[in-house]
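Labels run A, B and C following the written order; every chain starts at residue 1.
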Amino acid sequence: MSADTVQSIIDDLGALLLFTMILIIAASQISRAIYAVAAQSLLIAIAAGVLAKATGNVDLWVIAGVTLAVKAIALPWVLHWVVWRMNVRREVEPMIPVAATLALAVAVVVMSFHLSGSLGPVRQTITGNALPVGIALTLLGVLVMATRKTALTQMVGLFASENGIFFTAMAVTQGMPFIIEIGVTLDVILAALVMTIMVLKVRSTVDADIADLDRLKG
Amino acid sequence: MTGERPLGLVLLEMILLVLIGPLVTGVIQKLKARLQCRAGADILQPYRDLAKLFRKGTVQADTTSGFFRSIPVLVLAATVAAGALVPVLRAGPPAFPLGDALMLLGLLALARFLTAVGALDAGGAFGGMGASREMTIAPLVEPVLMMVVFSTAMAAGTTELGALAAHRGTSWIFAWRAADFLAFAALLVLLPAETGRIPVDNPDTHLELTMLHEGMLLEHSGPGLGCMVLASHTRQIVTLGLGAALFFPIGPTDGPGVMGLAVGAGAFAGKILALVIYLALVESSYAKLRLFRVPQYLGVGFVCALTALALRIL
Amino acid sequence: MPKLPRPGAEQNRCAQYNAPDRLRGCTSSERGNPNRGFRTAFITRSELPAGPGRWRTCPPPDVGVSAPSQELLLAGVLLMSACYGIGALSCLLAPWSGRLALGVGHLAALAGGLAGLGVSVAILLGDPGQTLAVPLPDLFPFARLSLVVDSLAAFFVLVISLVAIAAALYGPAYLRAHSPDAAPARQAAQALGLNVFIACMVFVCCAGDALTFLLCWEGMTLASYLLVVSEDRHGENAHAGLLYMVMTHGGTALLLVAFLSLTERAGAFDFTALRAAAGNLDGVTRTTLFFLAFGGFAAKAGAIPLHVWLPRAHPAAPSHVSALMSGVMLKVAIYGMLRFGFDLLAPAAAPLPSSWGWTVLFVGTISAVLGVLYALQQHDLKRLLAFHSVENIGIILIGVGLAMILWRREGAGGALATVALTAALLHIANHAAFKGLLFLAAGSVLARTHVRNMEDLGGLARRMPWTAGLFLLGAVAISALPPLNGFVSEWLTFQALLGGAGHFHGPAGLGIVFSAPMLALTGGLAAACFAKAFGVTFLGRARTPEAEHATEAPPSMIAGMVWLAVLCVALGVAPGYAIRLLDAPTAALLQGPGASAVVTARGPLVLSTALTTSGMDATAISMTMMAALLIALTGVAWVLRRGLRRASQRSAPTWTCGMSPTARFDYTATAFAKPLRLVFAALYRPRREVIRETAGTPYVFRRIHYAGEVVDLAETQIYHRVQRGITALSRSIRARSTGRIYGYIGFVLGALFVTLLLFGVGQR
């Protein structure tokens, strides 16, 4: 595979990733958001596979497999189970109207493209849209976390942010050191586990969503 | 004319001031009495009072500390030492440098401080009240005096009184500038405050609520009181001599021998008499001010002195 | 051995009045040639103003000491450091015996003080350009530490050592008397803190580069903090220590900025490099750096309005530490100002920018007046003394400001600057002496009675005569009354003000000369304040049982006080010799004639300044003669007082209008200060609350409750407002805290946005 081909595949995947991100932001039901983030993780896995094929880096194959197994299949399944089991509210409750969130998302994307142009020396080693897309994904994931009320949607935002970081790392360095990859994945799994337990327990004890707990403040 | 005053002359002047201090008080008393249509006591009466005091025994309060007995001695010493700094018979700096106007003010402040401390020593409220009031007036008087001294010293380039008088001796009262008039006015405002006379203090009464200086002397008796009274006479004439040296240096010349000294003595007597008449007039014309009106009264002096300084500099 | 030239016709005869034989034939020699064995005179004969008559001016007297070698001085410095080090390490003896640790620590501090005294006097009597460089081990890779003891540093080391000797003599007995049941750990802390404190102060003055300066500055602060909070007083001390730390570190932050700006330009830390780098600064940067440094040093020195920590921290420390803090630590800040203003940041050959001197003069005047005004209303002896330190720092700053204004001006300005700086440096030494004495005396009162409020004392002069006498001596000294040392430095300041006012025409001159009556006002108010303090504490009747049963302080405490009292008297009666010691610092700092050439040109017994060059006689006073006159007159008056024949003496109760006098009749301190409180009410804003309890009818009072309060204007107008602003700001920020997680994530995102925009975008 030639470098240009790899480049164009990564760019296309980047565009698709942005599309899934927009789906997450615009989703009105939680299950749709979860499907979107699953799709996003799948695309990340594919990107990892393509890069693995192109550079011959064994680690990237492992990364692709782990991402596929954990973030595209296992964790979304856990989230779906929580949704089904706990009968949580099906709607995604945004803090600001969806249109405003989308406008913000556009601003973030524009800014990340602008930024990555000025990140001097890094710009020379990568070409194409991989870096801006990665930054945009990360920031948009944080945006989702900041503008949604329920805990589950915040988990979705966390996963999306995670995907963005992965993509940036892969695009810039052609793969992360394996230990970091495993560490980050474990991080995400643990976060998901903790959140799941908390949501279930709080729901069963207090019959309120975590998002409604707001007394602990200064 | 600049000459030098040998040490013997300085000491002679100092003794002279001590000796004629009570006379000045006597003259003021007589003038006041005459103005108030009374006969008044003899002008030598203060001498008789002092002699009586020095012959009497001492009654000391039982709560006083060891310092009490030495307070009159130290106060008298400080005041008489201040007298050594005033040029009386002849203008000119002393042969061996002794002190200047600032040291004179410092010695008078030392005397005042020790008097206040002595007043607090016996316990009781009179001494404390007198000391408190005296130490309230003192910090308000000293800056104004300082400004008066400075405004004249700036013209002469020295704060040493003899040299200052020698410099001013060349310029008669007609050569006074506006700054001098204002400074003199400030000095006239200050004189009753420094000498403890109406309108700031009443030297004749012994009512506890109306006295500043007398209140501090209440617990002294016998020779101790004699020393304190002599010190207050000396302080008065030293202040008058300060005013004379600053503003009326005419008279003291460099003339040789006894003739020059006699002329100087006559001139000094004339200057002191003029200021004495002023004091007697003020005492007879005004009532004593309330304590908290005194800062306003002194404020007039302050403004005059400040304007004098400003005119001198600008 | 070079021969003394014989006195010949072409040489002026020196002053022969009271001069010993070896002064005849003294001559002026060249500057700075150590081989000749003479102490150098600083100006040649032709430059000295000629006095009238037979009083020719004379170079300063030759003390006849041969030039101490560098090795000897170095050994002295090392000995001093070793003594302080041993003292600091003596805290390790605490597990065996706390008292042993305390004793050894203070003994080592005493030895260090004596060593410092010797070294500094040797340097001061030597060549003005002589500096002693002490190599230090290389601790840091990026800077070399060094100690450079030049004459200015030597002067400050002298002042520090003098007070350190007194404090070391005084300390152990005081700590035993004041807190007899202190734990060994606390005693160890005292020994450690004292030695580290003194050592750090000495090394700050001797620092040769910025890093040593800042390190020892911090060490000084931390050691004094340790000592401030070392006594147990129900949390008061903790608050005082905290305020002290906060304000000192604020000042140190300003200092850091000033120093690091210079080191960044110079590329190195040592003072010679900084001096060179500062030579290329433009005016605005130079002035900014000076004001930064001035702010930092003013916070440490306690100038208004940065003084709010002083009245809390100084009383909280043990009394000998208060003496050190008030007498010496504040002066180390002045050393820093002098070093920055005249040495590091000064332009090469031009006068200093006028804003520097005027600001310092203004701050000094305000500090002097407000300091003494607030001191008047205090009833805690140590708090009163702390406010007086603010006042005296103001007086020192007046001198420093004048010197900055007048330095290198044409005409008589140069000599006047020397007079002003001499006044400031002399006041530094004087204040260390009499403030140290006063704090030690207050400490002995506190140690014996454990009462701080002077209204609860009284009658102590009969029970503690030595302490009372020494306190009176200190009170006379601090009120600037002749013949003691306070008067000398104030006289010099007045002369400098008068000369400076004559030098400037127009509003500038008026500004200078206005400081003089303000200075006179502070002198008068100080006398009033100490009349109150001495009178209410020591005189009258004992008002509480503690005062009733007080006894005299132990001899070692009295020894410490007597040391400082002797210093006060010596500096007052014979200041010419002390001014001789000031030659080297003033000559080195101002690059002009030394102090004694300008101030004691007529010999060591006479202080003289020439205010004009119009051929008028210079103003000359002689403290020695005046002291002699006073002693003679005291003798005469004593004889007079004893009366011409034996007269009766009896004792009787004080007159209280016929009632039996009790302690309630004594005039209280509040009442004593009340007239002044009312006169200056605009500055004090006093508040008063009188509650009358009646019994039965409204005309019979069972009890009258009187509460009065005087506020510190700086505190209410500045600090409370700043505090309220900060609290309001944090309250409004707190309102944004929603408790929900998405809000916080939103904050993070926003911050990330802003950071990326600010730093990322500009790089193209």
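The rule we apply is simple: contacts are C-beta pairs under 8 Å (C-beta built on N, C-alpha and C of every residue); 3 or more make two chains touch, one makes a residue touch a chain.
These numbers come from a predicted model, not from an experiment.
Distance from the centre of chain B peaks at A, each centre being the average of the chain's Cα atoms.
When chain pairs are compared by their number of contacting C-beta pairs, B-C comes first.
Central chain assignment: C. Criterion: smallest distance from chain C-alpha mean to the mean of all protein C-alpha atoms.
The mean-CA centres of chain A and chain B are about 95 angstrom from one another, to the nearest whole unit.
For the pair chain B and chain C, the distance between mean C-alpha positions equals 34 Å. Averaged C-alpha coordinates put the centre of chain A at 66 Å from the centre of chain C. Residues of chain B touching chain C in their complex: 2, 4, 54-67, 72-74, 76-78, 80-81, 84, 93, 95-100, 102-103, 105-107, 109-110, 112-113, 116-117, 119-129, 131-133, 135-136, 138-147, 150, 153-154, 156-160, 163, 167, 218-219, 222-224, 226-227, 291-292, 295, 305-306, 309-310, 313-314.
Put simply, chain C touches chain A in their complex at residues 734, 737-743, 745-746, 748-749, 752-753, 756-757, 760-764. By the touch rule above, chain C contacts chain B in their complex via residues 17, 52-53, 459, 461-462, 465, 468-469, 472, 476, 479-482, 487, 491, 494-495, 498, 501-502, 504-507, 509-510, 513-514, 516-518, 520-521, 523-525, 527-528, 530-532, 534-536, 538-541, 602, 606, 608, 611-612, 614, 616-622, 625-626, 629-630, 633-634, 636-638, 640-645, 647-656, 661, 663, 665-668, 671-676, 678-679. Across the interface of their complex, chain C is touched by residues 95, 108, 111, 114-115, 117-120, 139, 142-143, 145-149, 154, 211, 213-218 of chain A.
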